[in-house]
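By written order: A, B, C and D. Residues from 1 in each chain.
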Amino acid sequence: MNRIQQLFADKQEDILNIYFTAGYPNLEDTEPTILALAEAGVDLIEVGMPYSDPLADGPTIQESGTAAIRNGMTLDKLFDQIASARQHTEIPLVMMGYFNQVMQYGEERFFRKVKEVGVDGLILPDLPVYEFEQFYRDQIESLGLSVSFLITPQTSEERIRQIDKLSKGFIYMVSNSSITGAKKEITQAQLDYFNRINAMQLDNPRLIGFGISSHETFRTACKYANGAIIGSAFIKALRDGKDVHTATIEFVGKIRKSEVGSRK
Amino acid sequence: MIGIDEKGYYGEFGGAYIPEMLHPNVEELRKAYVGIWEDEAFQKEFRELLRDYVGRPTPLYYASRLSAKYNANIYLKREDLCHTGAHKVNNTIGQILLAKRLNKKYIIAETGAGQHGVATATVCALMGMPCIVYMGEIDIERQAPNVARMRMLGAEVRPAKSGSRTLKDATNEAIRHWINHPQDTHYIIGSVVGPHPYPDMVARFQSVISEEMMWQLQEKTGKPDPDIAIACVGGGSNAAGTYYHYLNKEHVRLIAVEAAGHGVNSGESAATSVLGTRGIIHGSRTLLMQTPDGQIVEPYSISAGLDYPGIGPMHAHLIASGRAEAVSVTDDEAMQWTYYLSRMEGIIPALETSHAFAALDHIEYKPGDVIVINLSGRGDKDLNTFITHYDKYND
Amino acid sequence: MIGIDEKGYYGEFGGAYIPEMLHPNVEELRKAYVGIWEDEAFQKEFRELLRDYVGRPTPLYYASRLSAKYNANIYLKREDLCHTGAHKVNNTIGQILLAKRLNKKYIIAETGAGQHGVATATVCALMGMPCIVYMGEIDIERQAPNVARMRMLGAEVRPAKSGSRTLKDATNEAIRHWINHPQDTHYIIGSVVGPHPYPDMVARFQSVISEEMMWQLQEKTGKPDPDIAIACVGGGSNAAGTYYHYLNKEHVRLIAVEAAGHGVNSGESAATSVLGTRGIIHGSRTLLMQTPDGQIVEPYSISAGLDYPGIGPMHAHLIASGRAEAVSVTDDEAMQWTYYLSRMEGIIPALETSHAFAALDHIEYKPGDVIVINLSGRGDKDLNTFITHYDKYND
Amino acid sequence: MNRIQQLFADKQEDILNIYFTAGYPNLEDTEPTILALAEAGVDLIEVGMPYSDPLADGPTIQESGTAAIRNGMTLDKLFDQIASARQHTEIPLVMMGYFNQVMQYGEERFFRKVKEVGVDGLILPDLPVYEFEQFYRDQIESLGLSVSFLITPQTSEERIRQIDKLSKGFIYMVSNSSITGAKKEITQAQLDYFNRINAMQLDNPRLIGFGISSHETFRTACKYANGAIIGSAFIKALRDGKDVHTATIEFVGKIRKSEVGSRK
């Protein structure tokens, strides 16, 4: 069992997964951010690999990625930063990025390196399920890494079942058919979708992502899934905050409210 | 045999590297497009619009003065005479008919030179459908007449302000828009790029070019095949149309002309086949310009339609396999050819198209070879650029 | 029978009122033109260039959305798809071939909208002949893209600075140039105006339009004749081409659309058939706008190609005899139609052409009537005007 | 015999015919100009009817015409001015204008009026010879008016003979294939042309026009024909001169030199 699997074995509710872009706002902020998030008591951290053309992301994440690249962020640098952070925390870590980055690094080399620096899972939104199955599944599973696939309100039941079978950690449930940061409120259509998925009794836990930005939306998401993923809202907090540590503690505090530091 | 396999690959290139949010749309297309293409009613409507609205067949014109100068038999495939002024409309006619069959209500598109944007806005007006076109901020400036035309046609032009603010970024924005509006919206991609089935679908719509070339050459030369077929490659749609029926005729040399910008090694270039490596861009495994770390490089060309860091997977395959020869042409050469062709044949080409002509100075050929150059578009959209640089190139 | 007599008159209109200095040139033309036109080799070369270079036949497009709105069967003759963007090139191809047969070495032309200038510069580039185009200073400003195109094509554009500084004055200057350089120079007039044989010669070159219409209508409607044929009239060349094969078919209504500018009685108008009286302009007896003292009045239209105080003698005769119906259309109506047609059919017309469409709001017709409108040119040259006035006409 | 015919009966050499635009520089300058020209000793005066679109004229004459029209010049006004001038001089007068002006006035009415105010001849450069013969010759000849036609270096011998037959005053010999005011010097080709015409032994005297602007060119023209016609150069002199009278006397003096006032 990797740290992600362990997490979900221990805790099925109110999972808070926070995404941030590595090397943002400053090149060396990756490790402090991981540690601050851990200290603030999030359950899971998604480390974004900054990318020049992040198709599945909204403007906030794109801008943070552009800034990080400009700061000098590279994959090698990122692996070093994560390895270093891993010395100080056992929080489950997921790396999120685009498949072109993996290809250029060399797929096998990339997966091994990911494992080596202490990362537990991967989200590669543009890796086709078919290719994963055909070419990468064996290696990834033999390394004990969890890959999370996305599902959306439009994903067919058949495909959701297939994804559930392939996933070995959690399923990333896109809250609506919109890219990150795009919508504010949770609608009846989304609730219906959450209920529909719940009724499917999937093997993997589900985290709801896209559009979660506040205590309220987080709470709603937790009612319908095992927890939620926050990205853009946190990036904005980092961008506008005094420093990484303060901004992180404050942000997580606002999301959790009563639960502040509950796992600390 | 060169062709696409059932997974959407040309050799090792192609596929559909898309986020899950786009999966239903792309799947719907993938499942439907061949059936629609092969449907008789579709073909009838498509062909009728190509004839009566677009103005097909476009002529195959024997350029006698150019032929004399170059000691070859040079024919120009006159896509510049298509309604809206470039080959792009062949594809948008096809896609709008397909979108209607899929019951789509809204159309989005990206555009570089603005020709695809205009061609999309045009078919949307024709069908009474709302249309949003994404266009890089830099391209909005350098292709102002096409921005005006899109507005006249009732389309909304949305500036792409990220990255190099050119075609790549407009494409990113269009894809994002589609992710945000997956239902009822069809995304009309303007070249043989993007996730499968786009490259194949667009190539089929453009294949009318080489279909016509075959009977036109037969009429004029007694043979359906040229010795050499030349086209510029931005994403590669006019080239795909030019090559299509010759892909498996090895005796027809295929020349793909890319934009070298200030020079292939100047750091300001869009010569993908030379500078590119294997990777993924806009949902497709292909050749693209990128850093060793996999960041896509911001390309440069004076020509907005070639200012793109990738090429369609068909072309990546043709070049990697040696089936097609790639030629890189600088801004300077393209500009010179613009003035030259205008004076020699009375045809002002689009800046993209000028690149194709410059290949004549790069390739070897036998005297008397039959060479077809795809005159992909007219230069009206580029007049400002031509006039601004006039004195530099004319004395 | 409507036609030209051997003295060069349509009824009372026509003739050759030229100074002696032009007599040899005009006589040479008069003696040669019919023979050249009827020569098989000429016809072959002319037809081949029309097909392979100009892009003929131009489509006859059934405008379904417009037809539904107007409860008629409206077909558009797509002269906008000709190389260079208007019907003008049909004539310049014919005249350049004729000039070569007469061993002329230099070409001059006048232009209003710039389309004839571009079409002339184009055929001169094609034949490698030097070309000077006279254009009114005001038109140089309002049709800037066409000025740029002529320059690209290697032509010299000379501003006409006298009078209204528009088409009339450009024509004066061109005629003066011809007087000063009678040897080796051919003057390519751009419309069915000027001394005999120009009106008849240009009409013959443009007659390919109705020649195509006949078989295209036959194919589409089962009959070669429309109920109504509509064209705008500047000098009248696109109208002459549209009417040509129907002149003696009385059941085909011919509608000639003139520019009313700010209104026929506003004092700023170019509605010659209403405001004009019998007189002589540019060597031809016709209807023209003049003072009681015989001074030619400076006309006004927002459209440079219709901003002319006369009409060709054929049209004077058609209107005076009642064979054709004249309709006057204001700047305002034409502008509205530009935006309307762009949105309805995805075709941005030239400002001249927009006038023709506005006739639909003026004439009476039976439901289901077959109406052909000559879509004489595309609007690229007018984009600045369209965008400047955009907000006024779109809210 | 009208005054033109009388002139050529009396004098076969050194005929100086001066053209000016009526109503230029000022509306009321027509009569003073005629009288000054007569006083200066020119042989023949060509009164230009200002026209909006004078195809056969160069820029100088066109500009003077435009100015005259702007000054308010009309045909009726011009006839009055000429009638008034005719009270004071017997110099031969020719009216030059475009046929559209004649048409609008009414051809018959125009010819009668021309005669009535004391004009002797007409130059209508765009009236086709054919139309003249067919429609107007009888009336014009019955009024005793002379019509002068133009010939150029390109005019065929046959046509020159026809024109000679139709002319009843003088033939206007265009010096070269250029419109008025366009060329400066007399070339060998022009001399050949002059000689060729001389050799034809025409019935009518010939005046050379177009490009005559100085004493020297006038003298040369007089060597090869009965005289010459000056237009643009005189218009410029009027434009730049102090007043009509001074400018005229000075201009004609310069052209004639030794002959100044010889006929006075």
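To be clear about the criterion, contacts are C-beta pairs under 8 Å (C-beta built on N, C-alpha and C of every residue); 3 or more make two chains touch, one makes a residue touch a chain.
The model shown is predicted, which means the values in this text are computed figures rather than measured ones.
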Averaged-CA centre spacing for the pair subunit C and subunit A, given as whole angstrom: 67
Approximate Å spacing (C-alpha centroids) for the pair subunit A, subunit B: 37
Sites on subunit D at which at least two other chains make contact: none
Residue numbers of subunit B (touch at least two other chains): none
Arrangement of touching chains [line / ring / star / complete / other]: line
Pairs of chains satisfying the touch condition: A-B, B-C, C-D
Residues of subunit C that touch subunit D when the two form their complex: 7, 15-21, 23-24, 162-163, 168, 172, 175-176, 179-183, 277-283, 290, 292-296
For the subunit C and subunit B complex, residues of the former touching the latter: 51-55, 58-62, 65, 78, 80-83, 85, 121-126, 128, 145, 148-149, 151-154, 338-339, 342-348, 379-380, 383-384, 386-387, 390
Contact footprint of subunit C on subunit D as seen in their complex: 51-53, 55-56, 58-59, 62-63, 66, 69, 74-75, 98-105, 125-128, 130-131, 149-152, 154-156, 159, 174, 177-179, 182
